[in-house]
């Protein structure tokens, strides 16, 4: 079931000036992306040597847009997400680059201001519903916590909102369930609690770190639909990190494929999934089952993703790429049609980009 | 909540054989001590005749099983017997010593927590950073110092040179006792803090690295509110059992400190009872300590259940 | 001085932390292990070569030169019998280390085996063993050691027996816990399904990593044994004079604490250094030995 | 006219009697000449710290000094040892007369003595008290010391007549024993156990409060028969087991008196400002005891060899830090009939080797000495003796056992050598000499199984001899023979070590170890 990408024209979402401290040269309200990552580089500094985990990643998320970040584990996709949320694990730092949220560079904000955003502006849903909730606190209170802190609601009002949110996320008998502890709920229910918690302060941007992975397939489907509906209702843009192309296909409108810390291909879901132009994306599609063509043979990608530490020259996918040539081994293919930096006036068109010397041949089907 | 406390009767039943075992062990060990009470009481100027006469009077000439039977019979009627050396009901001696030891133990526990929680938080906030290594180094030092040696040094420093505190002894009013018991309590605190710090540090580190703290941070929580609402309670859970066990250990283990600081608690009562072969007192004190350890064990489980909703002691047996 | 229960709990806390932050570094970059090996190694050398290192005979009295302060002849001065404090300190290492390390063997072996059987077979055997263990845990540790030393008379052998009689319980609890949790692991269930005899499963499969926990615990047990001997020495129930032993040295030194504080302080420091070394060894070992537990 | 040839020098009794009846107000001047002058200041609480607390206040059965020296502030015997420990003086008694056949003693009591509850002390109380003590012989009490008493009859309120079974010279000294202290007849109508929960006596202090193992407090007896005394309002004994802690408490002014500072810090205490350290003359003698049942200690030459091999001066310097004198006799200089000219074995290595050569084990032997663990003085003595005996080929192993275990081993004869000692409880050597030399004197000759018929006979004779001069000759001969037999290797006489703050005045410890707190006062 291949959903047509829903390109939604960005709106201003009734953003008031005070909500976001806009920097002086911010572009006019209308076409400003909700999130713009430019040349983001993350790495670990140990002594004088630094190993980078994410190299110069850039992409934009238009308001109301749903952007997918796809890649195998270790490609740096979750690390990128955590950088945006400001939850980088110990030792990992932002080496360079910016993350403009509605024109404001998150990395330049003070910790105080950054925290003020978390909840009302940006929210996050985590991967492991089993461990992402505080085991010794009732779920209702955990949902109410955000709204009490940011919206200054009284305890009773916050609980009311929490129950209301739980109802919205399809949790049966929310009043009783609000008093339950996390271990008393199923994985699916807990993920719904996470979503209720994230949306309780009506954030503008929802960051999801593989929220489906820990759930079994049937529940996965329900939660995905719920996520989409709620994002529409709450007018929240979505940055969705996953390794599952089917999920991206169902949920997102645009996506970027990441491999060993770099974006190798991006574009609208329709264009990229219909005709992938990077061998890795093509390999991913070939190795994933597709209900439309049940009898298609699955061709796995040989080899393993490279360890972050050994940065070999040339295209990092070369060793596993069946189309690799001499050039691939030496030069690092640039990401063509790089979207101009967000600071200049730009109009969002459904452009696409790929970082492979032979992408055109793949596109025309020369290389199967 | 009440339903989850239904494990208590079971635990109490389970405790009966334990306490019974304690009385059995202590009774026979006491009787194995070389030199019987008569030798201890009559001292160097005893003549065989006077020794024999006293043995009869103390009922030591009865066969050992009869003596144990008598001890149990009295025990069931709540009579702990008469102390050989003081010729007074043992209960009187024990109940006079209990508040002394309890105030020492609780005071040292408070001090230990006052030392351990901040240090553990400091260490946990920067794992393997200099401050963490420093805290861990001091915990090793603290664990390595013999208790009595610490006591002597503290007396030397604070009581004699600086005259801040008295040299041992015991006040007669609770307020007085804070002044008298500060040094001994500090000595005990220094010896038990290492285990608290290590436990709190390790659990705080694991909590800080947990997913639910990341979730809390994603909701804008940080600093003291984060610590109070999410970190402290989760980090405290594994430490509760340590606090319980340490309480039990302290009551029985403060003999040395009570000797160095001249504190008339259960420890010195027991030590004198051993030297004087005062069997009834030995048995009574050991019984009390055994009971105390069992009760503290149950209280720890209750605290455990209260703190951690996941724990349900009725069903699965705690390993 | 602390009891097995108190110690056991501390040990479990440390193991939990280790299970998570276990590093794969090779042994020579595992600082606590190396530091521990150096300190303990030096102490063992000191003990073995005491006759060569110590400037004087530790029990030779010189009643003409009693209670002298540190001097060129006697770096740490003399005690009230005119004996050289430094020599006694060195010889003291022999006694305290020997008893500290040897007193661990009996409880380690006996406790671990009993714990393994109790954990593995469970049922009534486990219940009885655990009740006995509970009785020992409910017993004031120090009281038991003192009474045992009274019964057995003072001297090294009775200290071994007294400490052994009290500390075996911790090994039972540790090994039993490990065996129970190991029993649920897939590799053990697989082995048993594969028709292996109980003994083979217990010793070939569960044995190796279960005993590694006991070995790590043994390290902190050594610290406790040294603490035990020194405290017995202080209570005057330790090893018979005139043998040099740190605990009795502190007792003898305490008389002159206000005038010759050195004599009571230095043995205390030696105990601290020894415990530090052994604790580091324990930390290092638990890094090395404890395989990644269930995540 | 009764023959007044009492055992005590005639002059003193009459003088004592005159003094007491004549000028009671002046207080008991006898024997306190050497104390500082200054007019006493009433009031204040005296705090005495000791290593162990009192265990019982029943003077008829309790055996440890910590209890005795507290209880004897409450209950007093009829007679009291003089400050030099040599004689006995009347205390609540006026005096006494003895019949010609030396079998009947008539004791007259002072008529102005009352118990602390106001009831007067009468002859009935005396009769009841002494008979109650005698009865304790069969329950392990001190009664066995009264076995010489036959009957006690009350003549009138202030006169009581006591018949003895045989002429018994130490009788008056026995009456001065703490165990014969006077309590109200029939314990004033309550049971013995109830009485001893808050005993009533004629002593200077009355019952206060007792927190077992912590502190015992006595308050001033308003009706004390020595008018104007005691000066103190109350006395508190605290339990501080650690000798070092006691010393530091004294230096910190937290206590007034430290009962037993260790000799090592005695000199440093002496020259600490605000502290007075005094070594009171004692009846204490320390010695090595040989178990003659265990080879080779039945051989007198072995015992003499060891006695000669011990350097007593070295022990005194190293263990007592110079506070003591080498012991030459069974008796202590503080005890009546001590003879300073008796020649006991002294330190002489050559004689020691000679004696050993003549013994059954000429080239030495190995043996052991059982001592009480935790007793630093014994540990020090043992270690020095060990190195000294090694010089003459005797390899002695030190076996420290827990105090009661050691005592059990000694009393059951399971030992080679051991360190023991003795203090007098009454100003008469008979209790100690009988205990030490007479096998069936109750303790198999201090558990050494020493059996020298000649010595036993001498002791019995001395027991019966009333003439002081003859009794002195008998005891001198006894001291000489026991010295030569070396059934005990005498080590040294050590004084009692006490330390007080300089605010404590007139604190005096008699050679028997007890102290009269009615004379003590605290100045600011």
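We just call them A, B, C and D in the order they show up, numbering each chain from 1.
Everything below uses one rule, namely that a residue touches a chain if its C-beta (ideal position, glycine included) is under 8 Å from a C-beta of that chain, and two chains touch if they have at least 3 such contacts.
Quick caveat: nothing in here was measured; it's all calculated off a predicted structure.
Asker: What are the mutual neighbours of subunit A and subunit D in this structure?
Answerer: Chains touching both subunit A and subunit D: B.
Asker: In terms of Cα-based centroids, which chain occupies the most central position?
Answerer: So the chain nearest the centre of the shown protein is B.
Asker: Counting C-beta pairs in contact, which comes out ahead: B-C or C-D?
Answerer: B-C
Asker: Quick one: subunit C and subunit D, Cα centre-to-centre, how many Å?
Answerer: Comparing mean C-alpha positions, subunit D is 47 Å from subunit C.
Asker: So how far apart, in whole Å, are subunit B and subunit C when each is placed at the average of its C-alpha atoms?
Answerer: 21
Asker: Could you please state the distance in Å, as a whole number, between where the Cα atoms of subunit A are centred and where those of subunit B are centred?
Answerer: Whole-Å distance between the two chain centres: 54.
Asker: List the centre-to-centre spacing of subunit B and subunit D in whole Å, with centres computed as mean CA coordinates.
Answerer: 41
Asker: Could you tell me which residues belong to subunit B and also touch two or more other chains?
Answerer: If we look for residues of subunit B contacting two or more partner chains, we find 33-34, 127, 152, 160, 209, 259.
Asker: Could you list which residues of subunit C touch at least two other chains?
Answerer: Residues 150, 153, 235, 254, 257-258 of subunit C each touch two or more of the other chains.
Asker: List, in ascending order, every residue of subunit D touching at least 2 other chains.
Answerer: 244, 248, 251, 401-402, 405
Asker: Where do chains touch, given as pairs?
Answerer: Those chain pairs which touch are A-B, B-C, B-D, C-D.
Asker: Quick check on the complex: what are the subunit B residues that touch subunit D?
Answerer: 33-36, 38-51, 53-54, 57, 85-88, 92-93, 96-97, 100, 152, 155, 159-160, 163, 166-170, 259-262, 264, 268-269, 272, 275-277
Asker: Residue numbers of subunit B touching subunit A in their complex, please.
Answerer: Its residues touching subunit A are 127, 209-212, 214-222, 225, 229-230, 233-234, 237, 307-310.
Asker: Name, in rising order, each residue of subunit B that touches subunit C in their complex.
Answerer: Touching subunit C: residues 17-19, 21-22, 25-26, 29-30, 32-34, 127, 140-141, 143-149, 152-153, 156, 160, 191-192, 194-195, 198-199, 201-203, 205-206, 209, 238-239, 241-242, 245-246, 248-249, 251-253, 255-256, 259, 270-271, 274, 286, 289-290, 293-294, 319 of subunit B.
Asker: Per the contact definition, I'd like the list of subunit D residues that touch subunit C in the complex.
Answerer: 243-244, 247-248, 251, 262, 264-265, 268, 314, 317-318, 373-376, 379-380, 382-384, 386-387, 397-402, 405
Asker: Sort out for me which residues of subunit D touch subunit B in the complex.
Answerer: Contacts found on subunit D: 52, 55-56, 58, 63-64, 137-141, 144, 193, 196, 211-214, 238-242, 244-246, 248-249, 251-252, 254, 401-409, 411, 420-422, 435, 442-444.
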